[in-house]
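See the structures that follow.
Two complexes follow with subunit A in common, the first pairing it with subunit B and the second with subunit C.
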Partner chain A sequence: MNTEFFAAWIDEIAAVVRARRDHLTQLDAAIGDADHGANLDRGFTAAREALTGASPRTPGALLVLVGTTLIRKVGGASGPLYGTAFREMGKAFGEAAEVSPAELSTALDAALAGVRRLGAAAEGDKTMVDALAPAAKALAQAVRDGLKAEEALEAAAAAAEEGAGATVPLQARKGRASYLGPRSVGHEDPGAASTALLFGALRAAASR
Partner chain B sequence: MKKLINGADSIVTDALRGIAAAHPSLRVDLENRVVFRAGAPTPGKVGLVSGGGSGHEPLHGGFVGYGMLDAACPGEVFTSPVPDQIIEATKGVDGGAGVLHIVKNYTGDVLNFEMAAELGGDEGVEVATVLVDDDVAVQDSLFTAGRRGTGATLFVEKIAGALAETGAPLAEVARAAREVNERSRSFGVALTACTVPAAGKPTFELSDAEIELGIGIHGEPGRARAPMREAREIVRTAMDAIHADLPLSGETLVMVNGMGGTPLIELYIVFAEVEAYLREKGATAVRSLVGNYVTSLDMQGFSVTTCSLTGELTRLWDAPVETPALRWGR
Partner chain C sequence: MVGIVLISHSSGLAEEVAALARQIGGAQVPLAAAGGTEDGGLGTSPDRVTAAIEEVNRGEGVVLIPDLGSSVLTARLLESPGDVVLADVPFVEGAISAVVAAGGGASLAGVLAAAEEAWQVRKL
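And now, the complex of A and B:
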């Protein structure tokens, strides 16, 4: 997976976030403040523009630029959290011109650690971690099983979707939804839902 | 949805243009989205910076001026500002005595102020942070993001701002700010949800027979739904929650704050009930504020905030202030 692959990923994310913008905002209206779709749309649109302007040469530089742009443009909790995730992935790639599924798996673990550190959320708190952690686990397992990149990303995307769906019965313990207490039960977490979209976009980029 | 806007994407910019045109005492940096005092920085004075999502006007931009904030960073509607804004504001108000960040306790606000400190750490400005978390509707436990910052933010900004004006050092100003927060409690009630322009419809549905108890200031649903009833009864529910958390006694500063869509006449009805409740508990409302100060767009409803005063806090509350939304004594 080279720089073009990750640029295609960001393109796919921008497209799917735009298409699902209202859906994400509605999920957020139920247990948050109705801005998640608009914020991510603004952020990934800005990230694409930043990539066009700077044309980074390595996957690592590309993802760090995406992360920094998200931190600078999105605001809210999702800006720093997604921004940190992309920056940590980018930093894990270092100067490599091409990365393997195993390296992507290591980078995802770094992203997950960064998100956990910043948001202090654990699995089961009804946050993006509930999609990110299973995806990272599934990718690691796929690498151990020696799957091809496309199959490995398919497994990660499926795990993220399943993880996001599994947030529905949970009571939120972090973020704005936690203010609702038991009333947060019965709704999908918007952050987990958008994380699943990001992994769906990764799968789409691989099958391009 | 009917809103006086030019477009949902330009709301914050268009409003900032209006603030700049209406208030020559302010300098609005449209590029970086920071509202400064026209003369900032004030040499030798601790600078006060706050910020948060837009939609709570006059908070925070309306509280920039003598005796209160030096700069405010407005984010998108209900979305915290980004680190770049906070860094620009911090640099712009540092008069050599350091800068106090006043942050409402929401995950987004806290993270972005933290990122600002991390990304802008080498600017050489001494920064202290005070978190405001006065909302008793949220249990402060491991199972929530902690209590929200709501009405007490105004008290913190006013009192810390007055102390900073005397030339007090950063540690002193931060201590007073934390003391105000510790002595303050709030509870909010919604009669209707608000409509976030980008969403185009109310954040939640409330029938004419229902109210939402324990709301925050971002249009998010509250802790519980209850039947609509007389103002006296609604106030009792709110005040009981405050009194159970921090028993009311002695000289008290009280704000009855409108959420944006409630007429003043109703806020005064609420204040009369709040004042009667305080007397019943042996407390006295010695200072008061009634009006729209920490709003939630067009939401109907109110919040009540109390602060148990000391001699020092009363003096600082009474000290001159001159901002677009709060002014006396000067």
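And now, the complex of A and C:
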């Protein structure tokens, strides 16, 4: 997976976030402040523009630029969180011109660690970690099983979707929804839902 | 003097708490409000917070006081050990305690400790 692949990933994310913008905002309206779709749309649109302007040469530089742009432009809690995730992935890639599924798995673990450190959320708190952690685990398992990149990313995307769906019955312990207490039960977490979209976009980039 | 930045989702909330803290703690304290997004909405602008930190930094450190959610996460991203530190404190009471301590010439650690004392101050 080279710089072009990761640029295609960001394109796929920007497209799916735009298409699912209202859905994400509706999820957020139920248990948050109804800005998740608009915030991510603004953030990833800005990230695409930044990539067009800067033309980063390595996957690492590309993802760090995406992360920095998200931190500056999103405006909600997902900015620092996704921004940190992308920056940590980019830093893990270093100067490599191309990365393997195993390296992507290591980078994803770094992203997860960064998000956990920043948001102090654990699995089961009804946050993006509930989609990110199973996806990272599934990718690591796929790498151990020697799956090809496409199959490995398919496994990660499926795990993220399943993880996001599993947030519905949970009571939020982190983020804005935690102020709602038991009223947060019965709704899918918007951050977990958008994380699942990001992994779906990664799968789509791999099958381009 | 230690600088203080109040970070809120709401520009109005940050400004008004700053005005209140200034009135009680003294107008000489380097204090900045960084609330809302750049387009005037509810949220946090890291660029605004970064500018506020630079504005109040007199070389003796800066205490960041966030309200909730993205304010806290943005503050955590901009922390710099020993120079720019986050105070995990009630927004209004913590801001007032911090400004009073900074106005009295307290060190960075002293201002942070004063802000944290706000947890112990009961209304009744």
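The rule is short, and it goes like this: the second predicted complex is superposed on the first by the 208 of 208 C-alpha atoms of A that agree within 3 Å, B and C clash if a C-alpha of one lies under 4 Å from a C-alpha of the other, contacts with A are read in each partner's own complex, and residues count from 1 in each chain.
Throughout what follows, a contact is a pair of C-beta atoms (placed from the backbone, for glycine too) under 8 Å apart; a residue touches a chain by one contact, two chains touch by 3 or more.
A quick note: this is a predicted structure, and the numbers were derived from the prediction, not measured.
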Joint occupancy of subunit A by subunit B and subunit C, clash or fit: clash
First (subunit B), second (subunit C), both or neither touched by A:Gly114: neither
Per-residue contact with subunit A, leading partner among subunit C and subunit B: B
First (subunit B), second (subunit C), both or neither touched by A:Pro101: neither
First, second, both or neither for A:Thr25, with subunit B first and subunit C second: first
First (subunit B), second (subunit C), both or neither touched by A:Asp35: both
First (subunit B), second (subunit C), both or neither touched by A:Leu180: first
Subunit B versus subunit C as contact partner of A:Ala77, first or second or both or neither: both
Which superposed partner A:Gly90 touches (first subunit B, second subunit C, both, neither): neither
Shared subunit A contacts, counted only where both subunit B and subunit C touch the same residue: 33, 35, 39, 71-72, 75-81, 83, 118-119, 175-176
Residues of subunit A defined as touching subunit C within the complex: 33, 35, 39, 71-72, 75-81, 83-84, 118-119, 175-176
Sites on subunit A touched by subunit B in the complex: 25-26, 29-35, 38-39, 42, 71-81, 83, 118-119, 171, 173-176, 178-181, 183
Residues on subunit C engaged by subunit A in the complex (per definition of touch): 37, 41-47, 68-70, 73-74, 76-77
Contact footprint of subunit A on subunit B as seen in their complex: 53, 75-84, 106-108, 111-112, 114-115, 119, 137-139, 142-145, 148, 196, 198-199, 203-204, 216, 218-224
